[in-house]
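Going by the order they are written in, the chains are A, B, C, D, E and F; count residues from 1 in each one.
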Amino acid sequence: MPLYDLSIAELRAYRGEVVRPDDFDAFWSATLAEARAVPLAARFEPFDAGLKIVEVFDVTFAGFGGHPVKAWLILPRQREGKLPCVVKYIGYGGGRGFPHEHLLWPAAGYAVFVMDTRGQGSSWSKGDTADPVGSDPAHPGFMTRGILSPETYYYRRVFTDAVRAIEAARSHDAVDGARIAVTGGSQGGGISIAASALDGSLKALMPDVPFLCDFPRAVGLTPRDPFPEISRFLAVHRDKVERVFATLAYFDGVNFASTDSTPALYSVAIMDTICPPSTIFAAYNAHAGAEKAIREYGFNDHEGGGAFQDRAQLDWLSGRI
Amino acid sequence: MPLYDLSIAELRAYRGEVVRPDDFDAFWSATLAEARAVPLAARFEPFDAGLKIVEVFDVTFAGFGGHPVKAWLILPRQREGKLPCVVKYIGYGGGRGFPHEHLLWPAAGYAVFVMDTRGQGSSWSKGDTADPVGSDPAHPGFMTRGILSPETYYYRRVFTDAVRAIEAARSHDAVDGARIAVTGGSQGGGISIAASALDGSLKALMPDVPFLCDFPRAVGLTPRDPFPEISRFLAVHRDKVERVFATLAYFDGVNFASTDSTPALYSVAIMDTICPPSTIFAAYNAHAGAEKAIREYGFNDHEGGGAFQDRAQLDWLSGRI
Amino acid sequence: MPLYDLSIAELRAYRGEVVRPDDFDAFWSATLAEARAVPLAARFEPFDAGLKIVEVFDVTFAGFGGHPVKAWLILPRQREGKLPCVVKYIGYGGGRGFPHEHLLWPAAGYAVFVMDTRGQGSSWSKGDTADPVGSDPAHPGFMTRGILSPETYYYRRVFTDAVRAIEAARSHDAVDGARIAVTGGSQGGGISIAASALDGSLKALMPDVPFLCDFPRAVGLTPRDPFPEISRFLAVHRDKVERVFATLAYFDGVNFASTDSTPALYSVAIMDTICPPSTIFAAYNAHAGAEKAIREYGFNDHEGGGAFQDRAQLDWLSGRI
Amino acid sequence: MPLYDLSIAELRAYRGEVVRPDDFDAFWSATLAEARAVPLAARFEPFDAGLKIVEVFDVTFAGFGGHPVKAWLILPRQREGKLPCVVKYIGYGGGRGFPHEHLLWPAAGYAVFVMDTRGQGSSWSKGDTADPVGSDPAHPGFMTRGILSPETYYYRRVFTDAVRAIEAARSHDAVDGARIAVTGGSQGGGISIAASALDGSLKALMPDVPFLCDFPRAVGLTPRDPFPEISRFLAVHRDKVERVFATLAYFDGVNFASTDSTPALYSVAIMDTICPPSTIFAAYNAHAGAEKAIREYGFNDHEGGGAFQDRAQLDWLSGRI
Amino acid sequence: MPLYDLSIAELRAYRGEVVRPDDFDAFWSATLAEARAVPLAARFEPFDAGLKIVEVFDVTFAGFGGHPVKAWLILPRQREGKLPCVVKYIGYGGGRGFPHEHLLWPAAGYAVFVMDTRGQGSSWSKGDTADPVGSDPAHPGFMTRGILSPETYYYRRVFTDAVRAIEAARSHDAVDGARIAVTGGSQGGGISIAASALDGSLKALMPDVPFLCDFPRAVGLTPRDPFPEISRFLAVHRDKVERVFATLAYFDGVNFASTDSTPALYSVAIMDTICPPSTIFAAYNAHAGAEKAIREYGFNDHEGGGAFQDRAQLDWLSGRI
Amino acid sequence: MPLYDLSIAELRAYRGEVVRPDDFDAFWSATLAEARAVPLAARFEPFDAGLKIVEVFDVTFAGFGGHPVKAWLILPRQREGKLPCVVKYIGYGGGRGFPHEHLLWPAAGYAVFVMDTRGQGSSWSKGDTADPVGSDPAHPGFMTRGILSPETYYYRRVFTDAVRAIEAARSHDAVDGARIAVTGGSQGGGISIAASALDGSLKALMPDVPFLCDFPRAVGLTPRDPFPEISRFLAVHRDKVERVFATLAYFDGVNFASTDSTPALYSVAIMDTICPPSTIFAAYNAHAGAEKAIREYGFNDHEGGGAFQDRAQLDWLSGRI
């Protein structure tokens, strides 16, 4: 599918359709407070990944509900002093995989902390973290689990895990807790936007073709999953449209970005059929920070900038943390 | 996709590839005993379905883990004495829907008891029953939830609900508990095979193009969901093939059918690309009862016999319960 | 395919592109007069449908050209006085099927009269009525048969049958001829719009995601059959575009609706890729009656409201006939 | 779709699955006798096709039922004596089109007589011949019209037209009636096989990737139309399988070929997904003549040999008529 | 895919997005001068094509770089005086094929000169001409070969060949060099637009659904090859967008048409998904000649007018050369 | 597409269909001798890849015909003594990309030398190496360039480049020339098989789901590119089947493997629709070395073992070089 969204000029000015709930901040404050009531209990076990010039730890920490969440911490073996750390979240359906799938940041001299996504990790890279919470009737996939209220929605648990992951990364001796960046592609990008806003003290935010932004526009605009999981749910539950979008407003990247002033480097693909470019510009344009940039890839679908964006992130982050 | 499975002659003789675990019966006895330790607590609340010549009850009963499971009980308004009852299970992704979607059996003079499938009911007909149990990492869909052990597998809960549904149907005053049949199409057919074997006292079993049979052959044979949910899980979790098939053996229709002697009417579609005909013949050929028949639809895909099979069931069941 | 038609606001105001031929009424008056010159000769033969609480008649009546047209008449077995009757038309490619496929209205206390569609009934539900009239060169399907003039067009015969079906329903003793509604989904909805306008004395019209409206917009807008049968015909007969649309104007739902003041309940699916929502709004907005309503299903394709719309029709019709 | 049918060695030996009805010859003798009872009435009207070195006639003759059938007769303008003539039939969905679409044989010095196919000519090349006969319920397309008995089947009319076309070609002064060949691709090839056998006096038969052979194997083997029109009809009319195949046996190329000893040049494409190669070999292997050959195209789908086969036909026919 | 481009009214006014490079004429003058520095060396060898009423020559001439380029010259065998000649170019992926694939113009009394396209001729009709020039990294296909500069771009060689083909046609004794027309469909149409402008002395230009026009709009507008070869190249070479479009401007049909006043007959298909109608109107609207016409086919995809357009060309060209 | 090739038992015994040409070795000896007549001229220029713990060189060396071929050499920055080196080839359509796309082997302590593939690098990862050689008519893609003789075939140049790449790697000071392994996925795997056999002195061969094996079976077995490029070429050039397969025999992995005794670790995916498992087993089973192993991935398509195979290679290679 070629160009189907707004024109470039319209995209650069587009503000999104979502409305911020009055109790958005209260909802998330309460959620995080509840999570933090359980000790983080981060464990870092040395892991033989078959590699030589990096050091790998198999991490477990207490996420939402105190549930154990897995991660990798990977450090350059040769290092001096505490390291700046990139916390990385994973795209939809994937898991933390193997440590050797995450060598970019260590090769560039950073620590990387890769959070597993609860319940996922069975569609393209393997995951090791259970989601022990059930759900009301839901469409196959993760997008509609518990979607009838913000309290039960799946991403409440994931975003909370994501904030706790930053705290877990900070808790390791080799990491300089004042120099943390978050990143991720697609769902990982969406999570990074939420985590950055919720943590509030990061040095850099680098969402790559982020998902989970501007739901009111996204749902119905693109035929490619996972946004259409929500359409299909609503095609059955025809009487629950209002409730579903009321829930989603608490998880919309636009609503996180609009109060976040962390320096940010976004990317967007103009032919993206999974995360329509307008939904990404909605978040980017809302982002509250003065120091922000977005890389536009004019002829790419959801693969976005790929290795070009990796390089752009390396350059942009260099010296920043 | 046209003919792709065994020839008709081979199908009629095919016995399946699954092996029955030694502790199959023990596993299920323990499972049911555990479920029955919680009171059934079936509630039948009158429901205004906008209909005149039938009477509808909104049913709730305690399924696996004591979790509340929903159902409809629909009775002809004009009736004499206790009624024979057809317990009906729903196809993959569907839910109990509306009462007016289940008028066939009442129109033919039977009670019908329609069980909701926990967690489903968001892909084509709506469901109202939560599955409050979480899962290890799983592929979108229900096929791989908890698949790493029989104890945690999703269908352990569903099949247990199905047995309890029969008990709930029996508990209603208008129903003659000695005259119960089970039926269902696709996943509903697979559930009916399990429920019939596990209950052990039914008068008739009518699985229509049943799903969930002969997993070792089915997984990898057809490209159409839901069987491939399992292939895709294994494509990621390349190291868990053995464990997954060990779990599935406890839920395979062939292993239920081989000890069940309930009179049975199966149907099979020779061009079925969702439930390959060989997998259905594996169950049918294994069925232990002397009184059994199967309708073959030579040019149909998964829609099977449709209204022809409805009529065949009406005729076959008539006088039998 | 997600949203592709006009916005909701535009849809609600959209008036269609078709022009009403000057002799539209004359054409149909002459057509009906010609048909009524042949005696209706409705026969009602009792039919054993395997059901108990309804009574079924196998109906034959003289349609267009005096050709025998089949139907089912299904009545609640327990009844008092004459019954209001719902005349139901079938979707494209289907036929009257089995009586047990039409239990909704009898279960709600109405008579239902289900008209077979001549020549169809071989794509999803079976039909029993021949169309003994041949055709000039036509594209596979029914949309272009005889399309080079209104006199020879296929739907001239079908719409005439539809009016005669109402007359046949009225002719049965159990039916109260003053309390007739028409309904149908897709093609059945399009037929109901024509039949209501042509009969002129009905109590209710309930077209569900109706087809056959606003041809000038529909042809070329959607890639999913059956509208594209016409595009493909014109892709070959490049010199007949004008003649084809001149014919279609006599069969366009918009032109029937604009003079019909029967109380009406429409439905429309905003993501419908077979009957684009604009074409349905064109008919609905043109409808001449003051008492009209339309149910919008925002996330559905051509399945529309499904069982939700059934329920909406039950409620809306209740007390109205 | 790559290789999916029998191996080359198996193909070359394959005999087909169809059985020849006892009254096959009687059926066709009666059919032709009935057709010939109406005068052929071939009219040849000069037609300005915008061409210079050929002469074109717009032909009308009485086909089955005396119905007017259209054709083109195209002759090299410079000619001496009577010409050998190639009678050409058209592929499924096409019509006789324009004269300038049929220049190969005139360019090679032959007369060509191109028969229109009744009712078709609206899918890729335009047709001008009506099929004035209606049908019982049928699936869109021509394959199932009147399929419940040989007497009413659509191809009874077409094959009869085809025999009459040969007679019409012979009736023109410029044509040497003793030197006639028949040819056609796909459906045109199937028609040529029937016409050659029914005429019984031709000099050459050149079916190119012929359709309409070995129905019992073809239906269900390939997913690409038009064979699956029959499967889909049977998927609805599940109770008419036997009748349908009983009808088709009277129209199967294998049954025509087995008594025809006309010198023949077939072609077959080994990757043909519309006319499976086995069905073509079934006819070729059955062909009764000693002088026969088949060109195999190992890497082609239904486009077959294309211009290579044109050239092969030019060479093979040269000197033969 | 149905209508997706501008409305008819907008199309008729649309001017394209491409900008003409300042040195456009200089670039092409230099290119042609360089080619003409090598002798044309056209050889015409009699060829036995199996045909009688035409005479065929297998042609070789020196194209770009002096590379040997193949062609067919086909003449009516019966002729008086010199003939007007139609030079024909081939669509993307095809080659000159067999002489018997090009009989239209000879049948109408013209000479036809059919140029092979270097390197192509392996996707649908066979070619016989090598392209001895290699390329920088390129996407499969011909669209991106040498695309990083006008000097190395593949179509520089092809368009030069096309001009030389006209010169080769003129060089044959039977051809009247003052009466030359050029034509071709799709890529052949695009080549004809360039050749007409570059030759500057033709009597008629007949591009049929021409390709290679208005690249800035075309690339990204349609998902069907070959335009998307460029998008996919740019999806990888994300840093070369500007260079690629700078190159393409030298090869854009709009830039050729805007200085060409040759009488012209264009065709366009309004549902064309390979050559979007706007891109064709951009060239047509830019065409500098007063004597121009365009045939619009409202319901066709890239097959365009097909045999209707052949006939339109026959009529339009008649008397003109 | 699920299982479509031989059964597991048949795969493990399958020997392939290709025949080794008598002058296979002579052809390759002459080819390499010719290439080695040009000085290798390997240049290693330091490259700033934005990374810290590895050292990167931008490499250029003389490949086939002395043409400049690009590569990356990446070394762990902290190292002692000469390093064992893995030479890596790239999958079809890709190029050497960025250095940061090749961090696995350096992270494990090896040098990695990544060869660009001439002409490719425009479909998924970018390439920087031209293929300055043109071609006879060819199908889009690289599979049929120059395919009419072994001398002109595209892969003659690529395989020669691959041997020279090993020599270039050896020529760097940091590399221990006696400890070289080759690897690559898909096309890269096919190249590695050829390079290993042609070099003759390697310590390890690790082809991952290798392409380019057993052409006679592969072409026609799978519908997914790139093997079908050859089928489509032959579908046009119907008269060149024999020549094409005669050429391919000189480039078939089976013919390289059968004389190579290098220790080898293969991988194969049983559901691979691009490189059918039988074609890979044909090479593996032919491999002449005693020390060989193959990892089978039962539920994977062409993604094969992915990160699991990376880990398997790390473990298998450890201690071996």
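Simple rule for what comes next: a contact is a pair of C-beta atoms (placed from the backbone, for glycine too) under 8 Å apart; a residue touches a chain by one contact, two chains touch by 3 or more.
Small disclaimer: the values here were computed from a predicted structure and weren't measured.
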What are the chains that chain D and chain E both touch?
C, F
From the centre of chain F, which chain's CA centre is farthest?
C
Chain D and chain F are the same sequence; what rotation (0 to 180°, nearest 5) superposes their CA atoms?
120
Compare the two sides of the chain A and chain E interface and say whether they are made mostly of the same residue numbers, over half shared, or of different ones.
different
Return the distance between the CA-based centres of chain E and chain F, expressed in whole Å.
39
Inter-chain centre distance, chain A versus chain D - centres from mean C-alpha coordinates, in Å
63
Whole-Å distance, chain B centre to chain C centre, using C-alpha means?
37
Residues of chain A touching 2+ other chains?
125, 232, 308
Can you list every touching chain pair?
A-B, A-C, A-E, A-F, B-C, B-D, B-F, C-D, C-E, D-E, D-F, E-F
Can you list the residues on chain C that touch chain E in the complex?
219-223, 228, 231-232, 234-235, 238-239, 241
Which residues of chain C touch chain B once you look at their complex with the stated criterion?
50-54, 76-78, 97-98, 100-101, 103-104, 106-109, 125, 306-308, 310-311, 314-315, 318
Residue ranges of chain C in contact with chain A within the complex:
1-3, 271, 297-301, 303, 305, 308
Under the definition above, what is the set of chain B residues touching chain A in their complex?
93, 95, 119-142, 144, 229, 232-233, 236-237
